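Just so it is clear, A, B and C label the chains in written order, and each chain counts residues from 1 on its own.
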């Protein structure tokens, strides 16, 4: 196993081997999360700053738990969308945080590119918790972790991502990750929710959901944002649910052993019905559980080496 | 049923020969050399001296139902279409309520089936209420039976909405029919802008209003990697722009109307509102460019833009009267006239109202061969007749060709083997 | 102190002697369980449990501890391979015999003790090692030692099982 990164900015920069390393280490941390005393002293004395410039409950909570279970001290700073634009630039803010000498910054930001810039310019570890429509690498890793846990492998799995591929950092990170580890990736969406250059992504493109439902091992339903309706990507929720929603009828068409995933939060009745989200094929809550383990693994890997070693 | 002794003209196969056609179960069972027909019980129709053509497909019409039944309804519109040899009609979405949801689509189709005189295939709206802002439920409407989407009567002004609409429609395999008009250039215009509009004192619609929008629409379509169909092209410039991208694999297509092929702005000299159409009648140079477009294949289809308006509406001042003419019953005679006056092969003209629209819309029809639906027109190429108001089966009589003498007349129309029109 | 032996026969003798010392503790009837420190302790603990079960006819529970996450030198060394801890019993209220192959600084034993304490509250913890190579940095001493050995700083020693099932020693140098 090899790991020599202080940062995790994108899946695009990881090798298949690095991805598998994270998954292997995550499996161990999952065991810790099931102990009575869910804490190890590994990162005692380290400070992890959680900078969230976008509303997020579960990702922030997941990172915070991960850091705390490794005995790191955490400071969470959530800044609402509008107020952070006043006054200081984001780099000023980052420098101020740096002056407090943290060991790691976990950042979520509404625009693409900041985590890469921080990683380049700051000496501490930087972990991207989602930047604009760019990447959400920890989500992809926890998704892969959940798939591997369920199927025992990733190579050759047929994973279908359904919905807003164009604007989804989750989709982007997952496509990169799944392709690197040899999975077969399909995307299902109307053309309005696909990136212009989808033909260069090396994935199968479908506009019709039913044929893919029957064939996929994993159906990853992406969250539909209402703002896409304002951007004329689809007419309304009724039509979206009809053509791209996962309902009882489609669940019944899934092949034996196939599972349903969703990065959350779920829009019940739009991209997925409650029957599908809560049914026996859903591994949505496993994803959440694995999220903590994957983030522990990443904090451990990125923080577990001295500056001299890098 | 057997149709005996007619001259079969079928653009799909290029066949032009005397033949007997045996029809059973609504379909063509067999096509035989004259006198060699086998089978075909029941009625025998003598087509000696007549041309036997595929039922026409008019990909642009307004049937006004629901909402404006005083102008036209599905029953009167279907009857007029049948009388014109048109067996398939694509009706535009600017009804009241607008056909922007599957309920309206369903109601139009159900009503047309009950009438049973023509196959009415609705075009759904591109945007809700034709307002150019929010996409209509194209997918659900397609499931209910629309064959295309169009905001006809209006352009999709917002280019970003157009892009999304093209991408979304092509997701569901729906052709997009665009009325390309730059509203800011067209302004309050009521006729072609030029020396004549200046002389008449009527506000003009510049050719550039159409040409600018056609160019924009084509650019967006190319970027979105989707084909578009530009309807009622009226200027040589717009046609040239479409012709320039015919080479691309995306298949940009267009149609022209019979009135733009046979009339020019000169018709407006007497302020007769029957000639008020949108796009406006243009110059002789434009008209000849459109005819040339048919000859060289730039023009794919001829469509009527059948737009009934009540007499009292057309009786308003020229500035205030509504745009539009009716056209079902004059479509085939107009084609014959162009054939005779401009020496364009009849087969090519016929393709513009049969195989070409069928291909663009992705629908069955417009062909005469074994197994095809028995949609047929029996056409007397020699009959000379004059269009008078009492012959018009539409509720509205706003034809620009009233009083015109035509050569060639629809004698009988069959819809899936059923006679839906017989000339008196 | 002596040069560490690598001969399986000598090592077998050491293991048997340790088992003999542990035997009364097992047969006393007090609740007792063995915990090996991954990786070196696993071989020794496995062999000890085998011998003790033979001698006493009492089943002896055995668990494995991965102390990676409890190390105090994570930021000084590149350690990322983490294996699961597998303790299939409750450590509370019983005697725990902590087994490792080698003791030197005492830091591994410290990490292991911390780890066990996070899992519960044992009645007491014994420490058993095969080789004590000296050089303690913490005040931690094994309760039972196979033998004290003397090795140059740049050598490491570990044990492994050969294909006949015998434990042999392996001395490696000079890269640590």
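Here is the rule we go by: a residue touches a chain if its C-beta (ideal position, glycine included) is under 8 Å from a C-beta of that chain, and two chains touch if they have at least 3 such contacts.
Remember, predicted model here, so these are calculated numbers, not experimental data.
Trainee: What chain lies closest to the overall centre, CA atoms only?
Mentor: A
Trainee: Work out the mean Cα position per chain and let me know which chain is farthest from chain B.
Mentor: Farthest from chain B by mean C-alpha position: C.
Trainee: When the C-alpha atoms of chain A and chain C are each averaged to a single point, how far apart are the two points in Å?
Mentor: Taking the mean C-alpha position of each chain, the two centres sit 41 Å apart.
Trainee: Express in whole angstrom the distance between the two chain centres, defined as the mean CA positions of chain B and chain C.
Mentor: Here chain B and chain C have centroids separated by 90 Å.
Trainee: For chain A and chain B, what's the span in angstrom between their mean Cα positions?
Mentor: Comparing mean C-alpha positions, chain B is 52 Å from chain A.
Trainee: Residues of chain B touching 2+ other chains?
Mentor: Not one residue in chain B touches at least two other chains.
Trainee: Could you pull out the residues of chain A that touch at least 2 other chains?
Mentor: Touching at least two other chains: none.
Trainee: For a test of understanding, state which residues of chain C touch chain A in their complex under the given definition.
Mentor: The contact residues of chain C facing chain A are 66, 69-71, 74-76, 78-85, 114-115, 118-120.
Trainee: Over in the complex, which chain A residues touch chain C? Could you list them?
Mentor: Listed in rising order, the residues of chain A that touch chain C are 1, 3-4, 21, 25, 27-29, 31-32, 35-37, 39-43, 70, 300-301, 303-306, 309.
Trainee: If you look only at chain A, which of its residues touch chain B in the complex?
Mentor: The touching residues are 190-192, 207, 229, 231-236, 238-239, 242-243.
Trainee: Give every residue of chain B touching chain A within the complex, in rising order.
Mentor: 128, 133-140, 160-161, 164-165, 167-168, 170-172, 224, 226
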